[in-house]
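Two complexes are shown next, each including subunit A; its partner changes from subunit B in the first to subunit C in the second.
Moving on, here comes the complex of A and B:
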């Protein structure tokens, strides 16, 4: 019974209102929460890292297919999205700042702003994806815009356009009508970089413009000329990588918006104060992490093929 | 009763500091865009990639140190953050040392 009395009185020892009973003090609690969140972020880095590895291998193997695909992405939208995410990171940091200072209304305002910027990002992403859908660049057969021009058969194989476009590129830009009765992936930009490289190699036989992998990957082994089908498959791989990376990132944005919604409700109820704001800070860590992924995705996907067009 | 507050909890650079970091991030974004339009291969092959990654790493460091408060975090957090890049570099380098030395392999067709 004596023991009972001791533990009874223990319950009235002062502790901070936000302190969970299993922790010694707020410092220990804070650190445990952060290290848990950081462990989660580390595995997220490895999660995205797998896809970045795919990107790395592809880019080392097929730099020309990479730069043609990369140049085809909408760089203005990518650039705008980068800025939108950076602003949302600022408002997220300020959310934590105001939560630590018991400023409930400012905190709510900042969460709402963060959510608005997050939604803007997703809307621009949607516009970008829609553009790819319209152009027939979604790498899954049947997921593209279906247009059946009169005089073409639905069951016939997709008329192969890249060769024709590449041929017409010599004579100038000629827009071919979009014809894609079964919504397949198609690449209408030709393979000009590769044929230029071949011409350059022909001019100086000592110069190797194409790598061994590219030679095997783009060229017809019998004729030694560009095989449009093979080249198209490499472009298709690029768009797989593009959609996988940006799609996974967009999924993280959607999850982040879910977190923000919950945070908004909690902040509205006045849950957070200078003593207890871990959920705000942890959601912030997640949001900033998603921002960091985009900081890498934007130059790697949208920009790194571009200097080849700038001509140097 | 008045448990002294852990100082490190509220350490940060304040609103002006946040705005400075934000400014650096915006400038970095514009810079990476402008530089990507120039062909830097005359410096060394792949200079464009190097510059773009250098800017991205700078931006990431700013976000991590100040927005994610790593600068005022315990050493354990530093360790977790740095180790993640160590594991990532293992994944990249071991994969690439295989792919780069393997001949044509599955990508030949």
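Moving on, here comes the complex of A and C:
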């Protein structure tokens, strides 16, 4: 202190390219960035974890409605997307591998492949979303494709809010486009599952097929029979969580693609080499994380409980 | 400056450039990567939010002066206490100590040049500004009347106010504290100076490490909860709203899963500050360093397991209630360990009663009452009587204001000479500390009695028999208000007219006192090498305290 002829700024300090001012050396920087990224991923796990919790809570309460919803998802598309993402994880890992070995062209190639797989995933996801939109499965008022009003009286009087509007808009005319204000589902066979379960319970009085929540959630309290409207409401909950989870995941994919674009530009300029590749590694961690989220989403949303509706 | 010079109270030979005069343009502030400048910008913003929240608090106390709801109508009253809660909790208490004092001193205390991720640090400030602007905008539009807890189905279906906007502000603000916590964790892991081992870290750093864990693990959960709430309000889909198939108890679980740990975000940094004040002003090594350090971690861990005590009367299973009640008692143990260790540190210390120490001792007294009444509320049976009464209000104000705000003020006074290089008026400092302590107790102690007598919270009107105690409370609030305004005046005065503080005005061994005041941009002239334990007033610290004391007592010639 008394002797500060050579203060920090005056001294010549060798700076490796890419080393930021607050670090002593590259090792410290890499360690910091790596811990930072892992903590960020922990944060992401908690973020998705909240939504997964919501899903699991409702899934345990209303297994029948939820498997009914599951069954209306396209397993083939979901499976293809799983494959696409797993392969994209491979190309991402290879990107890091080639960056560490100074192979710029291979690195660029792998980034491009990763991006292509990412885009394929999003395209298939878009196809799936579109299918739900056409089928009237988007659980939000007015967000589905307008369809012709089917012959049957589709919607019972709605018990709250948009009820009045919905009734006046339909007006019973068959030709009028029905804008599906509450996302009424276009299938009717759903609650058969519950009726079967009720019949089974009646046959064996000791056997409980429905959970307590399901009893309260599906059945009309006065008649004790299935209330189609209440049952569909639970399916709507499924689709709502489905869109929230996959939408959040798709948002992460889009952010990942943004990262990849930046990486591509940097790799093109030849920024990364065996000395300095931590941005590639960190983007890789992020990409793998987003993949892993999907690996959990696919069985939870698409596969769980399909046996309840075998053939349905 | 690791020599006897560090204890020379008049030593203020400083390099020409310190962090304050290293660049004076607006751009040099707004695009800075310097943790100290970011902390100063946080300090200003946080103080503005504290003042705004304080004005709302004053309005509440004025309304409660009389039994009838005459100053505000009941709808406005709902908006006012909600605004008070949201501003104070999300925009003052949570960022106050970590983002201001932690940001400024955590790197210096471990001998680093900056936080590990300075750009992320700046980003967190901008996110905080964005969220704050959003919240202020929503409040100016007409505010929100749900209470800071946003309980469904009121918030999703019935409230006619700006729930969506305020919810999004809270959502955005969460990322600011996540990024701050993340940055602290990385910094403590990788940026410690040579010789600064984990068990030589000042306890302030330990408590910030613990609080960062809570921030990183807890905040995302409220982020997703508030996001779902906002989407539900926007698109009417039943996750939380029972009328459309949702579950309101699920909302309460998810809300308190974050918001109870958030209570520890609001107290752990304060405990960190007090763990600095007590040994340093008792001039004695802290008693049971490891226990104090690990009790911070224990509070962070157990803090995640007690959220259910907010749901004792909400229809949660009685067995869950019993478990949560038990765990609530358990979390009192690490807090008690801290209290006992601070007390043991004071024993036979040579205590001096400067302003920061007055705040430190005030914290111990107030936190003791706040903590003990927490046990009363955690008891399953008693809580049924006390839920949603002023007893709860008094309890959490004792912990949050009596804890965090007092500790924040103590820390601010303690480090003010280091942050600004100027010394404030000790006389006015002590007066203000006393006023805050007396005013605080006068405000909130009557509320314990009111609550026990059954006065419910969140009502603009109350039966006339409660008026006397409410007048006491409002009178106390005025004293508290004066006590809180005074620091603004004398600290501001010290910036212009204060005497130069010197590098080590309190004569302490900590690393932050071994650099100049205000510190240079890179914190230390050369990277320090740490060879002493925390709070070492002996010879190992490399500082000659005996000599310094003699020099201080010697008559000025």
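In this section, the second predicted complex is superposed on the first by the 248 of 312 C-alpha atoms of A that agree within 3 Å, B and C clash if a C-alpha of one lies under 4 Å from a C-alpha of the other, contacts with A are read in each partner's own complex, and residues count from 1 in each chain.
Keep in mind that, in the parts below, contacts are C-beta pairs under 8 Å (C-beta built on N, C-alpha and C of every residue); 3 or more make two chains touch, one makes a residue touch a chain.
The structure presented is a predicted model; accordingly, all values stated were derived computationally and were not measured.
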{"item": "Contacts of A:21 with subunit B and subunit C, given as first, second, both or neither", "value": "second"}
{"item": "First (subunit B), second (subunit C), both or neither touched by A:285", "value": "first"}
{"item": "Subunit B versus subunit C as contact partner of A:217, first or second or both or neither", "value": "both"}
{"item": "Contacts of A:304 with subunit B and subunit C, given as first, second, both or neither", "value": "first"}
{"item": "Subunit B versus subunit C as contact partner of A:51, first or second or both or neither", "value": "second"}
{"item": "Touching partner for A:74 - first (subunit B), second (subunit C), both, neither", "value": "neither"}
{"item": "Chain touching more of subunit A, residue-wise (subunit B, subunit C)", "value": "B"}
{"item": "Contacts of A:102 with subunit B and subunit C, given as first, second, both or neither", "value": "neither"}
{"item": "Which of subunit B and subunit C A:94 touches, first, second, both or neither", "value": "first"}
{"item": "Which of subunit B and subunit C A:83 touches, first, second, both or neither", "value": "first"}
{"item": "Shared contact residues on subunit A - subunit B and subunit C", "value": "31, 35, 39, 42, 46, 49-50, 53, 57, 217, 230"}
{"item": "Interface residues, subunit B side, partner subunit A - complex", "value": "1, 3, 6, 9-10, 12, 14-15, 18-19, 21-22, 25-26, 29, 32-33, 36-42, 48-49, 52-53, 55-56, 59-60, 63-64, 66-69, 73-74, 76-77, 80-81, 83-85, 87-88, 91-92, 95-96, 99-100, 104, 107-109"}
{"item": "Subunit B-facing residues of subunit A, complex", "value": "14, 16, 25-27, 30-31, 34-35, 38-39, 41-42, 45-46, 49-50, 52-53, 56-57, 60-62, 75, 79, 82-83, 86-87, 89-90, 92-94, 96-97, 100, 212-213, 216-217, 230, 274, 281, 284-285, 288-289, 291-292, 295-296, 298-300, 303-304, 306-308, 310-312"}
{"item": "Contacting residues of subunit C [partner subunit A, same complex]", "value": "1, 5-6, 13, 15, 17, 33, 112-118, 120, 178, 181-183, 185-187, 189-191, 216-221, 223-225, 228, 231, 235-239, 243-247, 250, 254, 503, 515-516, 520, 522, 525-527"}
{"item": "Subunit A residues within the subunit C interface of the complex", "value": "1-2, 4, 7-9, 20-24, 28, 31-33, 35-36, 39-40, 42-44, 46-51, 53-54, 57-58, 139-141, 143, 160-161, 217, 230, 233-234, 236-237, 240-241, 244"}
